[in-house]
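What follows is a group of structures, each given as structure tokens.
Okay, so chain A shows up in both of these, paired with chain B first and chain C after.
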Partner chain A sequence: MSQKSQKRALKTSYEAGPILQTYWAELHAAKNSGKPVAWASGNGPVELLYSFGILPAYPENYAAVLASKQMALEFCQMAESAGFSRDLCSYSKINLGDLLWKDKEKPEMPFGGLPLPPDILVTTRIPCLVQVKWWEVLQDWYHCPLMILDAPLVDDAPTEDQIDYIVVQLKEMIRRLEDFTHTKFDEQKFIKALALSDEAAGYWDDIMDLRASVPCPVGAREMCGNVFPLVALLGTQVPVDFYKKLRAELQSKVEMKAGMIPDEKIRLIYDNIPIWYDLGLFSYVEQFGAVFVMETYLRYVWGGRIDMTDPYRGYARKILSNVWLDMSIDTRFKTLVNDVKKHKADGVVFLSNRSCRRYSIGQYELRDMLQKELGIPSLIIEADHSDPSGYSESQTKLRMDSFLELIKRRK
Partner chain B sequence: MANNFKDLLIRQKELAADWKSKGGKVMGHFCNYVPDEILHAAGILSIRIFGSPAPVTHADAHLQTYVCKVIRSSLDLGLKGELDYLDGLIIPYTCDAMRLLYDLWQKNLGGKFLHLLDIPCLIRGDIGHTRFQDEVIRFKRAVEGYIGNEISPDALSNSIRVYNQNRSLLKELYNLRRKETGLVPCKQAYEAVLSSFITPKELHSSLLTDFISDAKSRLSTKQPPEQSSKVRLHISGSLVTDIDFYDMIDEYGGDVVSDDLCTGTRYYWDNAIEGDNDPINAISDRYFYKLPCACKHPNTDRHEFIFDSVRQGDIQGVIFVMEKYCDAHLYDQPLLHEKLEKMNIPVLVIDAELGLSGQEQLRTRIQTFMDILKRK
Partner chain C sequence: MLVAGIDAGSNTVKVVLLEGNQILSQRVAKAGANSLTVVNDSIAKALKDHGKQMEELVSIVATGYGRDNISFATSQATEIFCHAAGVVRSMPQVRTVIDIGGQDSKVIYLDDSGQVIDFAMNDKCAAGTGRFIEMLAMALETPLDQMGPLSIKAQGEIKISNTCTVFAESEVISYLAKGIPREEIISGVHHSIVTRILAMTRLRKMHGEICFTGGVAKNIGVVRWLEKELGRPLSIPAEPQLTGALGAAMIALERTAKSD
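Entry: the complex of A and B
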């Protein structure tokens, strides 16, 4: 399960690290100077926070950082020993274990740890109900304001009444943020943040589309390292500049037909959250001529275009659109069929992720439908996205080997 | 008398068949958020699907095993044809797995009336209120579409009265048992509650009226049961459908006098307002403001209900029955646990996958817990 860094396909990818460093430094500087810091769930209305000058920290993202540094287990165990079930989302176990840490020396925390305490908590049911429950626990501990953006699951495209429901909540959030910050809402600033968000998301969509080229210019592992600005910084200039540059580099790679691997034979799609403590699995397949060309987690969780002609409804529509976790199973299937075709994929690898039920339920149906309707084979591997206990690297690789063999024989 | 409710539970399918033989329709639903009164007003027998503790045989091909047993076993029952007698099914958006069950049901068992009650997570405040009410009205229209008739306000008002009566009786039974320990064994009390989910309400209320007056007459004729030394317990969690669990508690000297289960107080605690000009509002509000499930926000009213119950001073211990993989309750439990311990209330946590009584080691744990409480 070594995570040693690989040589990257794109030079721009090396800029992701410094962006992350700067983000964390600014977060701590804000906290130290008495500015409010939010703890926010992914998929929350981050652009709104930035327009109020509130910097968001992401416990979920930070849990992924700890998992990728092989630090997750101890934190999960700490949460479990405090009574939280081992079956709960491992992101939350890592975060709660961090906050509940006692009786032994804490490891040195990357980036200096999450800024404590949170001044405001912002969450949403868009990815899952678990976020709301986790944030309720945080509120119980920190007694600070909690804002929740509720949302229904979306079948096909969001309906007008679903969009209305988001808009009315956004307006209520604006009112509460005015109270919280004692400042007047600056609509121009908000619209500027939305425009920046939309621009960055546009580049990201292009980047994902460029990966549909044959050969694929960049794989999953490297792109997992490049997604952070899209998760955390939407609404600022940073992701705009980063993804614009990344797209340009990718375009030139595609023009030169420079593939991620020298002799691409098998193109794969990955579904679910990456196994953060074994990202090497993504590059493991490369020695067999295989490359991951598209991931539902990278393509359909973050970003999203905004119709700027009607910013509030446009923003609400973006919040409800193209988010894998918020799609009905039927919509997930239709989306996946399009992507299999668009990316000329030979197979799909599903991570059946025991602590992310919202992502995983329906995968068996997706597998069966892909086989039936497109003749595309799938592999289902079992693991938890961040809790490494019980994970078998060798078993997973063995199953991957057989799957790649199967695809090769079919070609 | 005492066995009537048990009989109802055993004869569930017979009851449904009787109803259908008279030309009625029967619909199933999950959880505690489907406004039954609307179905009742449409002449439909509404019954709750509890799932089954039996091993899952068909659903594992569609759903991972790390999903709660209610969902897995209910899909299993559907796939095995055991729910074929239902004319329709209503699935509310309570937890994520329940919402996704709707999609699985639609794909694998579609064809009949299937309705997603797409209620919000937010159950306090104007924003959630409007959305909740819109969904209740949408549900009413769907039922009207199904029966091909409008449901009149008078019919809804009548159904409110029928349901309120049943809930009030269940609450009366709760209060009576709480005051008079041992008057009604806890197993019988919970059989009364569980059977209410599956029985025509008018029939159930008439049985319940007799049951309560019978219990009261035992009280007035001074035949108090000799079990006053029973350890008084509150049960916390989502659902307990394994009725023998209550027997097990009884056997080791316990009596469940309070709970916050959706197969308990959360089902009957709150009534709808009668006499509202617009009964659909009263129905919607009843479900919106009722004692909430852990999957709704905020659910502090449930927490306060537990603490208030304990503060009455007659509860000696709390048993959490935690359905495995039920995220919503599993996040709440450690917080509640800690606060109860600060109130000096001993706590026992047990895991369930619907079935409880079959777990041999559970007997030992319950026995030990009772022994500790008796010594306190």
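Entry: the complex of A and C
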């Protein structure tokens, strides 16, 4: 599988790497100097942690890093040999396999590995229940405080009661973090973190919108490398500066009508978590004049605007809104139809993700609905997002080739 | 004008030479461990049999898993479009093509002019492919070409419920241990593959005349089950296994005409 780094379409994209390096260096420096480090899951209240001066590490994100470096398989096997099910989320298998590693030499871990042990564990049920169970296992191993942000399933817009439910939990988390850090909560710091988070998310939304331009200025592979600051650093200045610059560069690309590829013929939408160990699949299509212009993972999993006129409720509303994993099939369909139209897409590629069924549920129905409503063809490929065992690159490409040929002939 | 279509499949290599619109030669060979050598030999033999030279080939289109590795091919096409083109040549009235090959099975939907409008393919496991039958033929110690004729003698009441080839093999062995007649088990194997194919057509119903291609179309047991489940007869080309290569040759012809 080709993971060779590609020439980037945007100069700013080259800054994502150093941001990642700095983030990891600061994380290890904090740990080494005795400051508390949290292990947090994506979509959690990270802004709150930053306002308490607690740096978060992300086991999920680190699992994706290992997968993208073709290192995932051994960790998955290590977790499986310890009794964890093969069907479990591969992010969790990679992390648990890393922690359970024994009896053979461990490969050199990128960025020096996750800072061990975690001092506090923070998770949420928003993306899935596996997160909670996984963090409970971690608590069992490390005996440190565990904070869980529970969330109801929300379809469309959250109700006022649902927002209340999140606000109550946030306030309880604040109280627990005061106890944990022995410091008083600084509300101004928190409000500032929320404002920074909102500003970065605003730029991100603009960036996603700019990609709807014809030709599309930047593809999926490069944007997968650019999402990290949004995942890990929301609530700090870093993503604000990075995405502001990225947006400006994209705007000028769009004005110049400079496309990701020289002769754009086919515009595609991708649904599900990227196949981290074969990101080359995103660029593979470019030789056929195709480009991925939008991904549900990049648009509806990370970021989200905050109504700063009522910060607590605004934050709660953001946490509960526009999360693809939390949407019903109907809402997913309406959203996808809008995006197909907005991005002038010719087809949708769905990854039926072996170990993320919550993301994958309803894809056959979505495919059927898109065909009926818009006459848009879809392709469903089968793979896991991070566990490469059972992945067939040639079979996947064969399906992709046929799909692109079908679209080309239809046009 | 001499053109060639090569279908370098996972199990077999198929070659068709067309002179004008006439089939000059068609060959099937086991792919084995070194399928590139088999491709080279097949094309060399096909040319030699008719006193032709490699240089006389105006266009060579490759399809199948090995399509990108054939250095002398002038272009590539996907199996979906090759199978469609191969069927349309001899049976223009067909609107749905079911192809079951060694590693993949597919249902291809055609419009009234014979153009591909959609397709469905098996997920990546071997269930619902020729490989499934091949593996279970080994477990049943039955030559592959005997699987079809034997199974049509059966009552057809045995069900193989495991779609995983490895688990299905244990299921077959347990039936053998129970003393279930071999032909009944084989019939169950064929029925299992047919249910997998039908599951693929859940989203889009098959329409019009249905043609069955690929090596598995030579298995009368699978044909009978498909016809029974579909409630109508299937059209089967004289050489179902060569449909992809024939279609590749047709595309070669078409591309030559376009570039002229």
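What we mean here is this: the second predicted complex is superposed on the first by the 411 of 411 C-alpha atoms of A that agree within 3 Å, B and C clash if a C-alpha of one lies under 4 Å from a C-alpha of the other, contacts with A are read in each partner's own complex, and residues count from 1 in each chain.
Definition applied: contacts are C-beta pairs under 8 Å (C-beta built on N, C-alpha and C of every residue); 3 or more make two chains touch, one makes a residue touch a chain.
These figures come from a predicted structure and were not determined experimentally.
J.: In the superposed model on chain A, is it clash or fit for chain B and chain C?
T.: Superposition result for chain B and chain C: fit.
J.: A:Y364 in the overlay: touching chain B, chain C, both, or neither? Say first, second, both or neither.
T.: After superposition on chain A, A:Y364 lies in contact with both partners, chain B and chain C.
J.: For the overlaid structures, how many degrees, to the nearest 10, lie between chain B and chain C at the C-alpha centre of chain A?
T.: 80
J.: Figure out whether A:W134 sits in contact with chain B (first) or chain C (second), or with both, or with neither.
T.: A:W134 contacts chain B only, not chain C.
J.: First (chain B), second (chain C), both or neither: which does A:L374 touch?
T.: A:L374 contacts neither chain B nor chain C.
J.: Does the superposition put A:V167 against chain B (first), chain C (second), both, or neither?
T.: Touch status of A:V167: no partner.
J.: Have a look at where A:A195 lands relative to chain B and chain C in the superposition and call it first, second, both or neither.
T.: A:A195 contacts neither chain B nor chain C.
J.: Specify the partner with more touching residues on chain A, choosing between chain B and chain C.
T.: Chain A has more residues touched by B than by the other partner.
J.: Examine A:R125 and indicate which partner it touches, taking first as chain B and second as chain C; both and neither are also allowed.
T.: First partner only, chain B.
J.: Does chain B (first) or chain C (second) touch A:R409, or do both, or does neither?
T.: In the superposed model, A:R409 contacts chain C only, not chain B.
J.: Tell me which partner A:M109 touches in the superposition: chain B (first), chain C (second), both or neither.
T.: After superposing on A, A:M109 lies clear of both chain B and chain C.
J.: In the superposed arrangement, does A:R399 touch chain B (first), chain C (second), both or neither?
T.: It touches chain C, and chain B stays clear.
J.: What does the superposition give for the shortest Cα distance from chain B to chain C, in Å?
T.: So the smallest C-alpha to C-alpha spacing between these two chains is 6 Å.
J.: Mind sorting out which residues of chain A both chain B and chain C touch, each in its own complex?
T.: Common to the two interfaces on chain A: residues 352, 364.
J.: Which residues of chain B touch chain A once you look at their complex with the stated criterion?
T.: Against chain A, chain B makes touches at 61-64, 66-67, 93, 95-97, 99-100, 103-104, 106-107, 118, 120-122, 127-128, 130-131, 134, 294-295, 297-298, 322, 324-325, 327-328, 330-335, 337-338, 349.
J.: Mind listing the chain A positions that touch chain B in their complex?
T.: Against chain B, chain A makes touches at 82-85, 87-89, 92, 125, 128-130, 132-134, 136-137, 140, 148, 150, 152-153, 161, 165, 168-169, 172, 328-330, 352, 354-355, 357-358, 360-365.
J.: Would you tell me which residues of chain A are touching chain C in their complex?
T.: 352, 364, 367-368, 371, 377, 382-383, 390, 392, 394-396, 398-399, 401-402, 405-406, 409-410
J.: Help me check something: in the complex, which residues belonging to chain C touch chain A?
T.: Per the stated touch rule, the residues are 65, 77-81, 103-104, 115-119, 121, 123-124, 202-204.
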